[in-house]
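Labels for the chains are A, B and C, by order of writing; each one numbers its residues from 1.
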Amino acid sequence: AQSSVTVFGVLDVAYRHLDNDTAGTRDVLGSSGLSTGRLGFRGVEDLGGGLKAGFWLESEVKPDEGSQPNARFWHSRATVSLISDSLGEVRLGRDFAPTYSALADFDAFGTTGIGDTTRIYKVWGSVDSKVRNDNQVTYFLPANLGGVYGQLSVAAGEGTAGKKYYGGRLGYAAGPLNVNVGYGQTEVTNSDVKLTVIGGSYDLGVAKLMAAYQQGKYQGNKDKHYTVGATVPVGAFVLRAAYSKSKSNDATDRDADRIALGAVYNLSKRTALYGTYAVIDNDDAAKFTVSNDYSTIDAGDKSQGLEIGIRHSF
Amino acid sequence: AQSSVTVFGVLDVAYRHLDNDTAGTRDVLGSSGLSTGRLGFRGVEDLGGGLKAGFWLESEVKPDEGSQPNARFWHSRATVSLISDSLGEVRLGRDFAPTYSALADFDAFGTTGIGDTTRIYKVWGSVDSKVRNDNQVTYFLPANLGGVYGQLSVAAGEGTAGKKYYGGRLGYAAGPLNVNVGYGQTEVTNSDVKLTVIGGSYDLGVAKLMAAYQQGKYQGNKDKHYTVGATVPVGAFVLRAAYSKSKSNDATDRDADRIALGAVYNLSKRTALYGTYAVIDNDDAAKFTVSNDYSTIDAGDKSQGLEIGIRHSF
Amino acid sequence: AQSSVTVFGVLDVAYRHLDNDTAGTRDVLGSSGLSTGRLGFRGVEDLGGGLKAGFWLESEVKPDEGSQPNARFWHSRATVSLISDSLGEVRLGRDFAPTYSALADFDAFGTTGIGDTTRIYKVWGSVDSKVRNDNQVTYFLPANLGGVYGQLSVAAGEGTAGKKYYGGRLGYAAGPLNVNVGYGQTEVTNSDVKLTVIGGSYDLGVAKLMAAYQQGKYQGNKDKHYTVGATVPVGAFVLRAAYSKSKSNDATDRDADRIALGAVYNLSKRTALYGTYAVIDNDDAAKFTVSNDYSTIDAGDKSQGLEIGIRHSF
């Protein structure tokens, strides 16, 4: 059975200096600065006639404390797929929500580390589907549509509020251009959370520019988040920069903006050193921080951090 | 070390429509409809002279929610073995109780999914050894006995009620015939639980017929469970059918009978699509359901379900 | 990615007869008598120019109950390394404290099973760094120093008492000789715990002699632990013997001494049978036991045990 399984993963450890203004500073050894730490098992079986079966099991790993950060071991992904070259893929299990991918693919910091644009991204109530969905059935378009890609997802609620979801994503990637739109709706008690996302990137060669916009609606309130960024390859280096802004009109008025700057030095395809600086400027009641490693902060204070780390893939 | 380890597993996801009569219906994405989801590591080392050492680590996986369903990660199996070609195998660790295997091998639905015959199988008290035992030492007969097979198992209680067990199983498999008997005894406070099992199958070619009977005794009460079933191969399809009945004479009188019908379509040796319908007819106070995914039911009500899924092995 | 990952592990199961004097006896099936049970994933990537990247993930396994004994799955080790042939290794993540290795390398029973010398090793307060450290940054000397080896480690406290640590170890190994010294300091509320370790071994051929001494200081108290032992290879057998003594001058006066005797029979490089007898003589208030599998004991009582097991590596 061995030949049918690929064992893969990422271990990423970073030193972080975190400064949350009035709340003071903290120095930590943390995880997942450049890529999310993980251990996974995956494989594809050729069934003949252009049909394949595939599976994917992935567990998050925090090497700084030797832990899996989630109670559910395969929290990152656990799916079985039937894949037709001409008709597309049906994927069943726990996986990313399409609305999350539609945003994350266009964050210059890959929604990871202190540069993650979603650090200032507001979520209402107990919306389990912000990042991933349990019980998800997804249909992906096949790869032969001349650059058009997309997916439709439905997640069963199974009697738990904040879990019933449907959404989708449609995009076009060809040459230097990649654009996509996404929409998703999660059933929450008394109201639905509705997310709309637009994102895109253009690769100029000397730099890849990217931008994404997300709008959320819930109980009459509206929340907006956008990010613009760029990655610039310079030899073995990749420089990265991004600006993000969140704005909501609900009672708690949790607005913030954020700048992130960084550099990645690729020792090989698998191994890289990196450094990132990020600062979040919280408005009024907002309490966003650049890292979960130190989340004590006074409302409206500034959170900034510097991380220097190593990422090794296998 | 790599060559000595085989990574193996099963991911199995099914859509289930569950109907528990007065309690209503529920639609879920569930796991393990055809085979129990798992990830495992195993290997065998040839020590020379007809002697081998072996190990087996197996963890259950529920891809619908990305979880390991048990707190103990290697809940399914964790064993080390010394195996002699001529003298048999000694296996140490956590593993199936022989009484469970003696029944499960003759269930047309492999004690998995909504067709699992043990859905209406009563257990008394805190009998940990219903399915598997911790701290188990098992001796297996060697494979060269002309079709005779068997095992003897002892599990240490280590001061915890419901865990001290001894039992065994003796069978004969040759050509189309396979029969076995099993007996096991678990020490419970004030009384022992005693299980006796008889099971067999006969392969007619056009159909494989199977039947199993289990009798349990506890504090003067007697509990009977039997199942009869058949699997019918038709090209790439396998049709399956089973009828089960449980009868007990204790105060709560939890009797039920059950019908399961299904079809499996093998896309390959490793990948299959399947569908199963099952209905449980609860008597009086009985509250059995076809799936743990929806276990709310009124006493004496009917539980039925339909599942359609995909099973992928690696 | 498969070729870059080695899956490795140990499964070790032992029958144990434990006798804690007044508290009585217990018979159990236990784990890790000869080597600690584990499952791991590791790999090394050659970056060219004498530089390598490496990773190591290791989880403890108790096959007797099918469990991972620690809530954090990668509790045993989770590290990423940059390794230079000429300059040494920088290793980041959760790993052994150098003070522990400085002692453990010179225990005739490898700090495992009922013969483990640290069974009578006292620890003050909530010193998390007794064995391993979270958030540890370690520098290892390169292998080309003519037998000199060593490491320096710093572990970030991250605001939790008993976790901030720095320490190191320096040794010399050449021909039959191996000696080392270690020092480590853990920040605890009101006082630091300071450990000093000296250990060494000499291989006479017919026998390998080993000894280690550890001194701990905390809040004006001093704690001493030493062990002397030998391993004697006789064909496929290895005989083992050790004597250990702990002495402290704090109020609870938890002193004890201990004898362990054992034999290992190697069926192959990977598989061994073993037997060990150990007895702990507790002074006054001391309540040390030979195994966590039965830790009920009256103060000052004797704890003894016999274990017979099998260890299989993969």
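Details
Here is the rule we go by: a residue touches a chain if its C-beta (ideal position, glycine included) is under 8 Å from a C-beta of that chain, and two chains touch if they have at least 3 such contacts.
Remember, it's a predicted structure, so these values are computed and weren't measured experimentally.
If you sketch which chains touch which, every chain touches every other chain without exception.
Homomeric contact chain A/chain C: same residue numbering on both sides for under half of the interface positions. With centres defined as mean CA coordinates, chain C is found 40 Å away from chain A.
Chain A has residues 5, 7, 73 in contact with two or more other chains. Those residues of chain C whose C-beta lies close enough to touch chain A in the complex are 1-2, 4-5, 7, 41, 43, 45, 47, 51, 53-55, 57, 71-80, 82, 92-94, 132, 134-137, 155-156, 158-159. Against chain A, in their complex, chain B makes its touches with residues 5-9, 11-13, 15, 26-29, 39, 61-68, 73, 267-268, 270-271, 293, 310, 312-314.
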